[in-house]
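Multiple structures are listed underneath, in structure tokens.
What follows is subunit A paired twice: with subunit B in the first complex and subunit C in the second.
The block that comes next holds the complex of A and B.
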């Protein structure tokens, strides 16, 4: 009998079908292709649920699945690399499939209100883009090897380009789309080298071993063996004379390049705020479930490999902690609703990276889950506000929307409480666990790694205050006080197709955190850390969080300090409350002022995003363009010069020489005769007759 | 008594030189054609002379072939001359000098 696993490829194939239908037949459908997308993503959601239930052991016996389905390039020689496409389903995959298909379905429904009801043109293209986006992300999630993951990773980047630049007639979106494409491509370049490096080193890109008549080993497994018993023992080829550990660090950091680009980590975060030029449902999809999540998911997927390199872990943690703080400070001064959310996205993904770097695998996946829910909620809520405000995004033109759009307000509040990390909303539990993991591993480890983890923890902790502050500044400016413009006094009403996704996600943002209440478990002893249990089980032992815990201890030598969860939790909660309180006193008044003006030069710095764009543009124009120009000179002058010189010499000689061809037959005859005579004379002289 | 072979060869060389001279100095296409015939026949004389000298018939048979070839060549050559006349209203080979670079 066909089980759930046989239908896993269909989870991605359904949205792909919707892409085709929307693109070619969307204009003949009453809703311009939305039907196809909604049906397909709903189907994906049902299949994902079935898969998750099977992984949980409810509807089937095999709790994991890992098969190669298609051989793409078959290696002929014994040691040749074979490139395959396959499916890997384990608890992490099942969870992510659920998140992606759920958010995608809600975004499709929301788009009915945001795009169709607003009378946008080009809707088939829009829904086709959404379908392809969803399909590529789902394909990325269940990819069972690094190359397949890379292919879908690139597809996700392409779709983000198409969707951010949806309103291509305006000036902003095409430029933002180009920027998103180029900046992420810069990171993907390193990822590509990393993929090639992994294949060259291990001869395989499998994330998890495939058991069978002949067991196919995975690359994290081989790497583990190489570190334990030496590279040649494990059949692993290292390069540049580096030992296995150093070489694996290099590989890990190369792949991390793609992660940093896609997950908008410092210094490649600059594309994400600009990506707000796209339609708001697309922003929700990009930032909650698909593109940005892809980077963090990739690290989680090959976590067994990263655990072998403490250096890479420390770098991940430091980049994550720094990004969390760095982006949070920029969010404080922004005036547009979506800009604040954009910087909060960067900041929250920083937390996930911090957790991954600190060995908190479950914490990172937990934060990925809760963030997907509450950030999708916040973006859709912002979309609802933008509909109401006739596409005006500046918060200073809003105010007092609380009474006029209660559904949006309360759901948005739920998301904001989750983002700010106020107990008991989802964000509190996950952010708290992230910080807790960073702290105990930072305290427990010796040497520079412990210091780096603690530095990451300190930055993450400080970011909690800023997060709470900018979140509630946004809430108060948008919904509280007196309306500051006529549009805010009489906002456009929104329909069910906006309210329904908001309600679903609003409830989710309040409750998703309950799947993993670790502090409560530690205090009461109740076994309610469901996510920990979920990730710790599974038929593929090498991708369970239990195995990761062992690796963390044995290979990376990152130890845990004995520390209760209550004190760190209380500290981060207090900081969050302080942030909310500060926002309350400054902005929860009928006529709020721009208090950020008092920051003076700091505000200018923050408004310009620490001049990150400027220095990157300088890097591009001042350095890269000059370098390219010099290379062009060399190419045009030296390389082409030699070729052109040779050809011009032969052209010149030819043009002189052809003059002997006069067209007069008599001349030819004369030449022939004279030549013959000369030849004869030559023979005679050479032959010694005379 | 037979004539010695050297005389034939001298005759052949003389005919050949007359042919070459004709080709180099004349501009009339018909003269050209005739000069080419002279060259061919100089070669034929040689073939026959040597064939006779060695008592071997191959050279003489070969000459028959050359004569047939010469007849065909003359047919083609006169055809070309006719076309030449049509295009240039003249059969002066130095005037038809457009088939070049």
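The block that comes next holds the complex of A and C.
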């Protein structure tokens, strides 16, 4: 009998089908293709639920699934690399499938209000893009090897390009789309080298071993073996004379290049704020469940590999912690609603990276989950406000929207409390666990790694204050006080298709944190850390969080300090409340003013995003363009010169050959006879026949 | 002697049915021409029809013989006729297929081309007689027979080239062709006499048997072999006996150019293959051991020089037809790889590759010349510039021409791509990197001059005076059929190449 796992490919195939339907038949449908997308993502959601239930052991006995489905390049020799497409389902996959299909479904529904009701044109293209985007991300989530993951990773990048540049007739969106594409492509370049490196090193890109008549090993497994018993023992080929540890660090960092680009980590985060040029539902999808999440998910997917390299972990933690603080400070001065959210996204993914780097696998996945819910909520809420404000996004033109759009306000508030990390909303639990893991591992580990983790923790902790501050600055400026413009006094009403997704996510933002209340468990002893248990179970022992815990201890030598969760939790909560309080005093007044001038020179620095764009543009224009010029010179001069030379020599020779044909038969006869004699001489006399 | 064809016992000469069909067609044309009440009153359609039909029958019968196994190891085995002077096997049938298809296309196209010309019956009869000679060349199994067949195909060709009696170019070309041909025949027949002197035999197998691996009169034999090789170089338009080709192809009526450059060349090749592989294999070292007369090296030199001269000269031409003539010389060089790379481990693959190239070439080259015939019919001029913007007036024909040219260049739009790939594979197998490099370099160069035609047809602005007023049905039909065949041969290549390789393997 066909079980849930047989239908896993359909989870991605359905939105793909919707893509085709919307693209080619969207214009004949009453909703211009939204129907196809909604039906398909709803189908994906149902299948994802079924899959999750099966993983949980409710609707089937096999709690994991890992099979190759299609071989597209078969290696001929025994040791040759074979490229396959396959499906890996374990608790992590099941959870992510649920998140992606749920968010995507809600975004589709919301789009009815944001795009259809606003009378946008080109909707079949829009819904086709959403469908392909969803399909790519879902395919990426259940990919069972690195190359397949890379392929879908790139598709995700392509789709974000198409959707960010949806309004291609304006000046901003195409430029933002190009920037997003190019910046992430820069990271993906390293990822691609990493993929090739992994295949060259291990001969396989499998994330998890496939049991069967002949067990196919996975690359994290082989790497683990290589570190335990030497590279040659494990049949692993390292390069450049590096030992396994060093080489695996190099590979891990190469793949991390793609992650840093996609998950908008410092220094490749610059594309993300610009990406706000896209339609708001697309931003929600990009930030909550697809594009940006792909990077962090990839690290979680091959976490068993990263755990083998403490150096890579430390770098991940440091990049994450720094990004969290760095982006949060920039969010403080932004004037546009979506810009604030954009920097909050960068910052929140920084937290996830910090957790992964600090060995907090479950914490990272937890924060990924809660963030998906509350960030989708915030973006959709912002979308609702933008509809109401007739596509005006500057918060200083808003104010007082609380009374006029209560559903949006209360759901947005729920999301904001979650983002700020106020108990008991979702973000509190996950962010608290991230910081707690970073702290105990930082304190428990010896040497530089402990110091680095503590540095990451410190930056993450500081970012809590800023996060709470900018979040509530945004809430107060948008919804509180007196309306500052006529539009804000009389906003356009929104319909059910906007309110329904908001309501669903608003409830989620308040409650989804309850799946993993570790501090409560520690205090009361109640077994309510469901996510911990979820990620620790499963048939593939090598991808469970328990195994990751062992690796963390045995290989990376990151230890836990004995420390209760209450004190650190209280500290971060206090910081968050301080941030909210600061925002309250400054901005929760009937007629708030800009206080940014008080920052002095810092304001300029923050408004210019620490001149990140400027220096990257300088790098591109000052360095890359010069290099390209030199290459062009070489191409024009040397390569073309050789080509042109060959062509003129050929034509010259040709014209000589032409002259042989004089038109006089006597000449022909002479030439024929001469060549006959020549041949006879050459092959008969010189050939030694005579 | 009786053989068994498809379950029926028939006399063994039935295996020659394709050749007989061509010969009978020629005779029938004579009869029709004789009984016409007044000179020039026979229906042109009747004449062209008989000619096309005769060629088609030859093509179809030869093809079906290949399918049902006549002359092949799994069927009747090679059928020897007339005291071993003729042989019907896979190789001969394969080339009759080429000759038959080219002849049919040319006859079909000639209906429109010859409209208003006198002596049409003679034209078609000469075409069929030449085709008869060519198909006999494919079966010839002795040097004397070979020479007679070769002359049977050459003599009508001379007359055909000079068919436009009032056209100075045509007459001049015919005379030059004839003079060069006479010299070549002299060289060939002298070579034959020397081989006979060294071996005492004219029948191929007997020559091989009598020579053995270490012949007695190596010097005489060596001179003879080289002269025979050059005699065939005339027929295949290979350097250095290619001088007639540019002149004859350019001066002749375009369908005749198509006929000679495709069918006649193929016939020359099959004869060369058979002579060198059945009469001179051991002295060439094909059976292992040191070669007594290293004709493989001679062929290698000829192949490289032929490719290079043909392509380089084609690159600087101003007239399309003359460019095609030189490209035809270049292609002879490619086809020579079949003999030049025989020191490869899989000899049948090498030879099969060459045979397949000639098959594909039969369609694409014939088509290209027939397109030129079409332009001559329209009177648009002969240079590249004259073709400017032709696609606006005749998009279908120009599309077909584009297919021919790109396939000739070896782009994967027609079978020419795969056949060149096979030839390259053959050179790789043989390890003759110089041949392979020459093939690649010359193909790249050929793309340049073929694209010039394509660019002129599709991208240049037409001359204001360019006016295409008629769309001759039969010429168009022939061009389109050739184009379809060229394209179909791309996917169908894999289906046909085994039969070519099987046919080739019998000779080793």
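Everything below uses one rule, namely that the second predicted complex is superposed on the first by the 640 of 690 C-alpha atoms of A that agree within 3 Å, B and C clash if a C-alpha of one lies under 4 Å from a C-alpha of the other, contacts with A are read in each partner's own complex, and residues count from 1 in each chain.
Keep this in mind: a residue touches a chain if its C-beta (ideal position, glycine included) is under 8 Å from a C-beta of that chain, and two chains touch if they have at least 3 such contacts.
None of these values were measured; they are calculated from a predicted model.
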Report task. Kindly classify A:650 by the partners it touches after superposition: subunit B alone (first), subunit C alone (second), both, or neither? Result -> second
Requested in this report: State whether A:680 touches subunit B only (first), subunit C only (second), both chains, or neither.
Outcome: second
Query raised in the report: Looking at the overlay, what does A:670 touch: subunit B (first), subunit C (second), both, or neither?
Result: first
Query raised in the report: Between subunit B (first) and subunit C (second), which, if any, makes contact with A:658: first, second, both or neither?
Result: both
Query raised in the report: When both complexes are superposed, which of subunit B and subunit C contacts more residues belonging to subunit A?
Result: C
Report summary line: Both partners, subunit B and subunit C, contact subunit A at residues 658, 661, 663, 665, 669, 673
Report summary line: Note: in the complex, subunit C contacts subunit A through residues 175-176, 179-180, 183-184, 187, 218-219, 221-223, 226-227, 230, 239-241, 243-244, 246-247, 292-295, 297-298, 301, 309, 312-317, 445, 448
Query raised in the report: What part of subunit A is in contact with subunit C in the complex they form?
Result: 647, 650-651, 653-655, 657-658, 660-661, 663, 665, 668-669, 671-673, 675-676, 679-680, 682-684, 687, 689-690
Query raised in the report: Which residues, counting only subunit A, touch subunit B once they are in their complex?
Result: 658, 661-666, 669-670, 673
Report summary line: In the complex, the residues of subunit B that touch subunit A are 20, 23-24, 27, 32, 93-94, 96-101
